[in-house]
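Two complexes, one shared chain (chain A), two partners (chain B, chain C).
And now, the complex of A and B:
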């Protein structure tokens, strides 16, 4: 019982980080129907940036998010503007897969050249600190990360629901043509939306880099997790991706702790297959467009 | 005794494919006939003694491959400064195999048949040593190799092979079992937990300890094998911690070892003894990754380490620093193992006055040979007959604590709690 609850705590806290990464992924899909294969690489890039800021200037990884978020936002906007926007409309969805994958490989190469392939971890000095609560250990970093994820997701929600820009994004998601007719600059929205999705990687990267050792090749594992979370949650649904991240985080932690880590990823894919069989649109994916 | 084989997850898959290719290639070569004689070169004094080596200067094993290269180069420089071997200057011919078992076969074949080197030394990793040693065997060359200690290397039953480490890699933890079982019965642990990386060079080390412990009545309360892809070991460690074992044994490589330690710190899991087969033996990386204060009391094992008391160690560290810079802590044990390969050749020449391959093979099969990595001796298939040293982190340094004859410090038990 003790190890079950301990694993549950771990799983819930870890899932916050994945929810954050996946929310950006699903946002990008929602707006542009682009499956962004570079999201994992954005996370790894952010982890390296936070790592460098800590080692070079002693900037705390949680504080470094304030610097890395605008950088990733600008990078996202730039990539959308330079590489995705010019794609021919009819096959943009397919081609964007290749383009974003190329971006991921390019980033991987750049990071390998800059940092070598040695595994790094962000060590702010308090990474192993944990509180004992009723006999259970609550790791401070994971708790901070979880709270941070909730804050970021709440901010994302407010941005989408309460601002004019958010309304423009939602309108573009629901019907790009109609939105354009009503005066929404859908090209600008697409670029900013892609930037926003990439920006979520900044916070996720800082936390990811504290929890797990990473190198330039870590994005393959990440992107496969993110894609499954996004599909499980329902493509385009931020709420769905949060629930899916919880399912994955808790599921893998429980299976690892109670059975074996060999089966943890497999179990998640079984859940994914079942959901897809019974509910092809994913947990919260709406059948109509515009689930944001 | 550091990573001895395929450590990176991606390298591993590629490695398997490459292994298959190499197996086919090796069979193909073995099927051919005609072999030039191994002792076709003259051994006249004055002509240089050429030693051919294939090393992984790029690819998965590039880091340890370069460490081995430094060891070989340093030895050659040292022996040449002393006047060479039997008056002949040593000339190394090092070629790159890019960590490919396919290329390593080509390289040794070329070194032997075209470059007509006098001697060959081994490459890095068991994966490459296996096909390479077959080539050497075929041409009647001795094969002194510092970095291929997996069971499959010895399963080939080659009589020309000599592994330049104290014991087969998978027996790396036996010395810890010796130490624990040497304690009075009432001071021995009652319960043990085993965490094993699913890797041919990690899990078997823990398996061997487990077999000894279970035979001695130490109850196994947790036993888990995890795949190398496991990014977060915290859930596994949380389940392990719940069993509250007296002793924790990790059959680990490096990243996973650091992950286990960090998770144990976070979960405040404090066993009385803790042994990690790899990862904890890295003098720089381990304190860097887990925090220097958290190293205290962790056991690991090794052959050469910066605090080694082998008589030749001080001179080795000094000439290493002169040639490559840095301090003792920056020396990879692989460099010491490669250096030791050369020391063996030197001793054979001194003892017999000859350096031909047949003499090397017959001479090394008897007697005990002092090197940086201990006093070595082998069975007829090149399996070293010694044991690694049990080392422990005490006062921020790795020191030998067992066996008693080599100990610099008494073993520290129980291990202090994690510093946090």
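And now, the complex of A and C:
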């Protein structure tokens, strides 16, 4: 029982990070109907950036987010502008999928050329610190990460709900054509939205780098988890992806605790198949897509 | 088959049949084996990714299934060395059956989600290959027994096995194009809802294409494992294999008979050249990504459909007719399926 609750705590805390990554992923899909296979690579890239900022200048990984977020935002906008925008409209859905895959491969190549492929982890010095509450370990970094993720998600929510840009994004998600007719610059929204999605990877990457050892190939594992979360939540629904992240985070923690970590990846796949079998639109998909 | 098509196929396979007698150096033979292997893989991928327009990113999982099947069955001995080739059809059928439930579930949704499911499948398969140590040997990999083929012609059986599998893949591809299956798949690719509406059995035909496609891929994986003799999870279930198939098909031309083959005969030697030039895998990945992006941006329809489109426009223009609109026409049978889909315009 003790280990079960411990696993539960761990699962909930970890799910915050996944929720953050997945919200960016699902945002991009909502706006552009593009499945961004490079989201995992963005996360790994930000993890490496935070790692370098820490080892080179001693910048705390949580502070480095302030630097990496604009970088990732710019990268996202650049990729959308240079590689996705020019795609021929008829084939855009299929081609953009492959283009983002190519971007992921390119980033992987770049990162393994720069950092080699040995596993690294960000070690700010407090990575193992934890509090004991009622006999349960609460890891400080994971708790910070969880709180940070909530803050970022809240910021994202405010951005989408309370600003003109957010309204333009939501309009594009709901009906691109109508949004365009009403004067929304859909190209700009697409570029900035892709940047925003990439930017969520920055914060997630710093935290991911502290709690998990990573190398340039880690994005494969990440992307399959992220995609499962996004499908489970309902493609395009940020609220759904948060709930899905919680479900998957707790689920895998329990499977790891009860059976073995080996099967936790497999759990993701089985859940994915079950979702598609029982509720293909995901938890909060389709009908209220874009309602957040 | 038109006479020109028949001659083309006869010349191509005839040349490849006598190739081993003409080639001296071992590395050329090796390069040819891999080229033919990728031509077969890409041709199989084309059945789903090209004709049906469902971009599978998980074919490498089935390549791995085939590879590990051969390794598991023939870990200790292969007798006279030819037994694995006769077991291959069983492996192919097994992989095809395995793929039916996955394909059935994954194809209930549209191409986006299908890609998600297949890419997830790929990484699950890789993680299982790493983690089921008792079965696969984990990261240490596992060996296949060495067949007692004579040294001078050691590679020949593998070469001809790959060639037969390429012929099988292209044969199926050709059959698809001529039959109702291919028409149904083209209809699915162009507009699935309408296809369903006019009575195409969309579900069945998609699952069939997927199963046949991965069945051939698994057989090729089996020959590959036997040929290289020692397999690791990182190479047997490799995203780069998937990417190879996709890239070659796109380069040559989706939904064409010869496109994937042309793509393989261009890219595999190029790939070997990069690997040789840059050595370290990092730059190799970068080069791969760069080629990929260039193809997607510059030549999204692939070589064959682009040429066919140009050619037919040129022919029409020579007739001194009205101005030619910029849509592909269906004069060349080579690009028929692809162009039908292109000019229909996909509503996704």
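Criterion: the second predicted complex is superposed on the first by the 285 of 292 C-alpha atoms of A that agree within 3 Å, B and C clash if a C-alpha of one lies under 4 Å from a C-alpha of the other, contacts with A are read in each partner's own complex, and residues count from 1 in each chain.
The rule we apply is simple: a residue touches a chain if its C-beta (ideal position, glycine included) is under 8 Å from a C-beta of that chain, and two chains touch if they have at least 3 such contacts.
Everything numeric in this text was worked out from a predicted model, so none of it was measured.
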Going by the contact rule set out at the top, does A:94 touch chain B (first), chain C (second), both, or neither? second
Looking at the overlay, does A:11 come into contact with chain B only (first), chain C only (second), both, or neither? first
Touched partner set for A:212, first chain B, second chain C, both or neither: first
When the two structures are overlaid on chain A, which partner does A:106 contact: first (chain B), second (chain C), both, or neither? second
Give one of first, second, both or neither to describe whether A:121 is in contact with chain B, with chain C, with both, or with none. first
Just checking: does A:262 make contact with chain B only, chain C only, both, or neither of them? Give me first, second, both or neither. both
Could you figure out whether chain B or chain C reaches more residues of chain A? C
Output check: A:221 vs chain B and chain C. Expected answer is one of first, second, both, neither. What do you get? both
Residue by residue on chain A, keep only those touching chain B in one complex and chain C in the other, then list them. 221, 262, 265
In their shared complex, at which residues does chain C touch chain A? 53, 55, 57, 102, 105-106, 108-109, 111-113, 115-117, 119-124, 126-128, 131-132, 239, 243, 246, 250, 280-286, 288-290, 292-293, 296-297, 300, 342, 345-346, 348
Quick check on the complex: what are the chain A residues that touch chain C? 29, 33, 35, 37, 83, 86-88, 90-91, 93-95, 97-99, 101-103, 105-106, 108-110, 112-113, 220-221, 223-224, 227-228, 230-231, 235, 262, 265-266, 268-269, 272-273, 276-277, 280
Residue ranges of chain B in contact with chain A within the complex: 10, 198, 224-227, 229-236, 238-239, 241-242, 255, 258-259, 262, 265-268, 289, 291, 294, 418, 420
In their shared complex, chain B is touched by residues of chain A numbered 2-3, 6-7, 10-11, 14, 119, 121, 123, 127-130, 132, 137, 139, 211-213, 217, 221, 252-254, 256-258, 260-262, 264-265
